[in-house]
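My questions all concern the structure below.
Chain naming follows the written order as A, B, C and D, and within any one chain the residues start at number 1.
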Amino acid sequence: MSGHCVHVIRVISFLLLFKSSFCLYEDQIGKFDWRQRFIGKLKFSVLDSKSNVKKIFVATEENVVAALSMKTGELTWRQVLEKGPQGEIKFMHADSEVITVSGNGPFIVRGWNLANGYSHFEWNSFNDADEPHENVLWTYHHGKLYKVVMLDSQQVARIISYNVRSGGQLAAYTVNIPGFSRKCKAIGINLVCLSNNGELKGVTVVNSQFFNLDVSAETKGANCDLLSVDSSSDLPVLAIGCKQSKLLVAIKDNTFKALSETVPISAGVSVTQHVSGTHLIVLSKQIDGVIKVNGKVLETDQPVEDIQSSFQSSSPFSDIETSNSLCTLRRDRSVYCQILLSTVDHSIIFAQTSSKIMWTREEALANIISVELVDLPVSDIEAAIEKEFDNKEAPVDIGVPSGFVGMFLRRLTSQLLQLKSLLLTVVSLGESVEKNGLEVDLVRDEFGLHKLIVAVTSVGKLYGIDNLSGNVVWQKYLGEMETYKSIDKPVVSFYVQRTSRHLPYPAQCFILGKHKASDESMVYTFNPINGQPIGDGLHRLGYRAVQSLLLHFVDDQFLKGVLLLDSKGGLHVHPESQTALVSEHAKSIFFFTANSESGLLVGYTLAHSSLEKLVASEVWRIQLSHKITGLMSKSPLERVHSQGRVLGDRSVLYKYINPNLVAVMTQAEDPIHKNVLSIYLIDVVSGSIVFSIVHKRATEPIHLVHSENWIVYTYFSDKSRRTEIGALELYEGKTQSNTSAFSSVASFDSPIVERQAFILPAGIEAMKETITEKGITSKHILVGLNSGGILEIPWMFLDPRRPLGDIREEGVIPYMPELPLPAESIINYNQTLHRVRAIHTAPSGLESTCLVFIYGLDLFYTRVAPSKTFDVLKEDFDYLLITAVLVGLSVAAYATKRLAQRKALKQAWK
Amino acid sequence: MASSGSRSNNRRYKWALDFNYKSKQERSVDVPSPPGYNPALGQVYTETSKESDPNHLIIKKSWDLALGPLKQVSSFKMIEGSHSASQKFVYFLGNILSVGLALFKCQSMGLLPSHTSDWLAFVEPQIRMEYSGGGLLLT
Amino acid sequence: MFNSVMNREKCIFVTLFSYLFIIGFVQCSESDYDGPMSITLYHALNLDSEPHWESRGHMTVQNAASGYVTSHQSPLDVESTRRLKVLSDKDSFYRLKAVVKTSQGREVNFLTFVKACALVESQLKDYLTVSVDHEGSVVGVSQSTALSSCASAATEKLPSNFLTTVEFKPIEQGPVPDTASYIQKLEREREARERGETKDNRSFLAKYWMYIIPIVLFVVLSGASNPEGAGPAR
Amino acid sequence: MELYIVNFSMVLASFLSFVSSYEINEVIGAPDNYVIEGKVFPPEAVNDNSNWQAETTVLLKGGHQMGFIREDGSFVISNVPSGSYVVEVFNPNYMYEPVRVEINSKGKFRARRVNYIQTSQVIQVPYPLKMKPMSHARYFQVREQWRATDFLFNPMVLMMVLPLLLVMVLPRLMNDPETRKEMEQLNNLAKYDMPEMSEVITTFFATGDKQKQKSIKSAKKSKQGSSNN
């Protein structure tokens, strides 16, 4: 019991330590941080017309079930289901409650409360052994859930009906559909299949009535697909989509009815009920970034003028993928429709015909794959000052004479401007509340805290987000470009080639992706401040790049080149004008590629390049025997301030800081040891394995952080059934072999490796270390937990030199296997973040402060100060008190002086 | 010594004159002296008279205090006589001892930057000789 | 069995003189791979981007488990020495290819390099580090030289034989949370405190005499000195 | 093939309209599939219109499988093969203690407290699970309030106040004749010491012929002698 006590005391003392390292006050909520919640790409949607608070029920590709407010588009409620195929939503239906079918294997049927998203019921539907998991269709009709299992081998469909609430099986039967292809859809109460010879077959799942249709000749033989359009109304409509157009087919009274007109493939089609048993068909399509909506009565083909409208916004719209509409008849017998559109760039648009766009949701942001925080350009005033010191820029203003007088004049004008802005800020201090509504200028602040988040999403849409407000400043959809894949994850190469510190040149970013239609690579170079293309903009390269590298030097325009290695081993630099410049530095540039599947790592040198042609020649080769599942190099921005560590005897243990060190993880499924995780530390210049370590029975999730002279990784230990954190620290020894320079090629003795493991009583989704400008501030590790919190752990807690016995070194806390999880260290407090994909950290202008952007299904931005904000006054600094004290002291000094004088005088008279 | 003292006295005299408002003496400098009058004697007199002036005393005392450490240095030269060598040696030894004691105390308190760790903050980061990049193959 | 291998820091230290068959005893006692494994070495002494491989020698790891390594390296002829010097003068790389053939007949190629000048500087004395994974298969071979600097470019004479040291570097065992000793430590602390609680029943004086005595002394002395000091004043 | 019974009474209890159609269903399941059941208790301070049910999620295997809360707090996690799992309940504002649930191959359930350090330690808890909130999550630090006592006992303030007291109070004490005498005595003592020092110096200079060490000794002696007087 008293052992427990000690434990508790220890925990408390650690909590105190934690507390001192991180603090957020309750009144700081939302001051430095913001959260945005997303749902992902739309998959199913139902416009609710019945409830008094109008909602849209959606199910998405991200396995999210949610209700959106029709008025604002905000989330009324949201339930995030299991990750991956486990939670994939197969079917959604909403009337008296929202019903979803998710999973793959055993299917989970869940019912949700319409108003608040509480769970109503949950049951499982298992497949028989002979039933495939992938070809199962679902449909709902009058309280019954129908499961249609396509049995390919027997050319039959097995239909099982369930009581939707209890999961009780009501009936099961099979229908023969000979000659059907796998192109089948369940629409309403019908199962519809398109055969390869262009025949449409339908069967009613309720009573197995068959009907079919020989669709028009144009769809025959062509590569056509069956698309379900809208089954929410009593008239199910489906479309047969072929190359350019789609043919609409309605099912009425167990017969197919092909509509006379074909519509373009990129048009959104939805059907709603209209007056006196007729139906309205609403078509929406994107033309030159504008959405045009028109409609007609399905039965009579008569156009409905009322709903003809066009919508546009500041950024052009992309092609429409799905649409859903709800039309109502006004008292004056005019029709208006509410349309929910989902576009190919994952936006969700909600509009009202003959009115305007109500709201849009940028759901591509639920799938950010790469992020950079870009410095903003300086304000006009500061630009003027900078111009003053920039001699090259002197003859820009023709009106102002150059030379001594000109300089003087320029100085005067810039200082006048400064004075003016100062006055303005003083004046506006009182009325700043009014200004809040307006957009803040995108200019750099004095502490470098205001930046622009440039995010690349998996769908190929780019966003510029103001880091202080979270507003999307610009967006750009690169329709032709798609992402690369690396270890089954979408990736692009995204670099900042030039920051905004080089006036008059604008900042420039670089994205390397793939061309959708061909095998070639594509590059988009753009200004990150406004998203506008620079130079060639989006262009094809003519070869397929397999790896890229941002060079470390700039050309005369302060632009860093990007080296590209193509699939044939050729080497290119982008822009090509830098070829000669690169060849000058060729001796010091090394390059490596890693093949995840084969485990082969190859290193190249540029040393054999000439002025005209860059050549990558192979110099080293490592063959790992298992699949590479992770590769982590250090942040190129990283700076290490302290070169060593002070030991108890006041000697120095020098850190082994190798900028070329890369941590490579491999995972093997070993029959004896099961899931073996190996970590190799490889110097990618010399190609030597500096250190390697193995963990047996270690499984996913595995995350790794690599910084300074240490590596921290996490894995799930199958043996102990807990999440463990391993920490490695590399030291050169008590002396430095070369105090001035670090060369990987020069041979060295293996570094001393300290190691330790800890237990984290939580699951981990993502991990990242903090980074600051000069590397003086101590490092913390941000850990995205599966609870939705982001935990900040001081690196001190993961120090492998934490002693089990007495403390001998300064700043080392005794070893404790289990790391504490204090609530104070959750930097996002109660702002739960689902499915954290990655954490991006960037230095600010303040050494103490690190900017943190967390992305996944939700976005969260905040800033952390691992060693507290030692370089700025605390924001709760009491200016009033200090002024009062100063004034008081001066008054007191003056008064006592007078008193003393008087006393002296009195004394003299005595 | 004496000459420098009189010079300083002279200066002091002029300086003191301004503040003590001895206007008669001031004028007497401008006006040619009567025969047989020695201005130097008058100076000596005024000086002695001023010795009693508390203000002057304070200033002098302060100067003594300020010059104290400097005088100590020169006092080394003033050691004279038959035992001067040993005296000088002892003086030297005493100083060494006190400095040594101070150093020892500082060392024992760990105030002296005598370990490599004390200079760690000045160790420059190593210059990077090679640059590398790349990663997993993009497919 | 496996653990014992992994705990060993440096496995094999065998110095191999070319043209001689030297059999060295290897400390490494056990490993997962058994049967002979051969490493054939090729080097490229050309300046071009494409290496022109020439045979340098081969070594046989008779049984890494028992740890016998035999080696045979052909000496550098005059022409090769000259070319190596050219490489060194041009500050180019000396490239080495190691073909590892396992007992199952699987062949794996490894490439590695050193600065040619460093090799010349170290008088052809080099090290080959063979990294081995948890299953015992070779994952990397890397070469390093005895001297890493290229300070004095001019070297008069080169020996004709390579002096190679082969070092086996096994993968190390990952750390596990040290719960056992932590629990023991807690237990010890608890016991110590329990003992301490019973022991520390000394009187107040017994515990704090070192603080009390100086205070008392000071008080006594200051009280005593006053009248004595005052005496002569009167 | 294995048959097992799932009791859906909890599901149906919330739908009074369906109580009449209450039935025990037989679900044909794949072998080795179980359902973990439990109930999450709301924090006591919770008010009725708070949406805690929607905010609370139940995670199994770190989110590999999930359970959602019904209005009454009950939850089920279905499709669980036999094994050992940690069931965690997450609510943004309240902390819940995780529970380890072990299902053996025969379908027997055992729930115990999670101990990551001593993994073999078994402290059983009831099954079906009853998850009670441990505490309100304190994410924020409490801002320090200005208090007079804090201010007064601040060492800096103490350092300033004490000399002030000495300056202010000591002169008043001096007015007392006895203390003044004492002070004078002390002063005299100090004065006496002063000539002592000069005496040392004079003896040092006067005894030119004698050895220095001796002179120092004698000075010491004279000093001692004078103090003894």
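Methods note: a residue touches a chain if its C-beta (ideal position, glycine included) is under 8 Å from a C-beta of that chain, and two chains touch if they have at least 3 such contacts.
Quick caveat, the model's predicted, so the values are computed rather than measured.
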Inset, instruction - Give me the chains shared as neighbours by chain B and chain D. - result: A
Inset, instruction - Going by C-alpha centroids, which chain is farthest from chain B? Tell me that one. - result: A
Inset, instruction - Could you give the separation in Å between the centres of chain A and chain D, each centre being the mean of its C-alpha atoms? - result: 35
Legend entry - Euclidean distance of C-alpha centroids - chain B vs chain C, Å: 59
Inset, instruction - Would you kindly tell me how far, in whole Å, the mean C-alpha position of chain C lies from that of chain A? - result: 41
Legend entry - Length of the line joining the C-alpha centres of chain A and chain B, rounded to whole Å: 68
Inset, instruction - Would you give the residues of chain B that are in contact with at least 2 other chains, written as numbers and ranges? - result: none
Legend entry - Shared interface positions of chain A, touching two or more other chains: 720, 743, 745-746, 759, 817-818
Inset, instruction - Please list all residues of chain C that touch 2 or more other chains. - result: 177, 179, 182
Legend entry - In the complex with chain C, residue positions of chain A that touch it: 2-3, 6-7, 587, 603, 605, 607-608, 615, 617-626, 668, 670, 673, 676-680, 682, 686-689, 691-696, 698, 717, 720, 724, 726-727, 743, 745-748, 750, 753, 755-759, 800, 804-805, 815-818
Inset, instruction - Quick one: which bits of chain C touch chain A in the complex? Just the residue numbers, please. - result: 6, 48-51, 91-93, 95, 108-115, 118, 127, 129, 131, 133-135, 137-140, 142, 144-146, 148-149, 169, 171-179, 181-182, 185-187, 189-190, 193-194
Legend entry - chain C-facing residues of chain D, complex: 117-118, 185, 188-189, 192, 226-227, 229
Inset, instruction - Report the residues of chain A in contact with chain B in the complex, numbered from low to high. - result: 484-487, 491, 493, 512, 545-552, 563, 565, 585, 588-596, 628, 631, 633, 639-644, 646-647, 650-652, 657, 659-660, 684-685, 736, 738-746
Inset, instruction - Can you check the complex and tell me which residues of chain A touch chain D? - result: 19, 23-28, 77, 79-83, 86-87, 103, 105-106, 108, 110, 113, 116-124, 126-127, 165-169, 701, 716, 720-723, 759, 761, 763, 786-788, 817-818, 823-824, 826, 829-832, 876
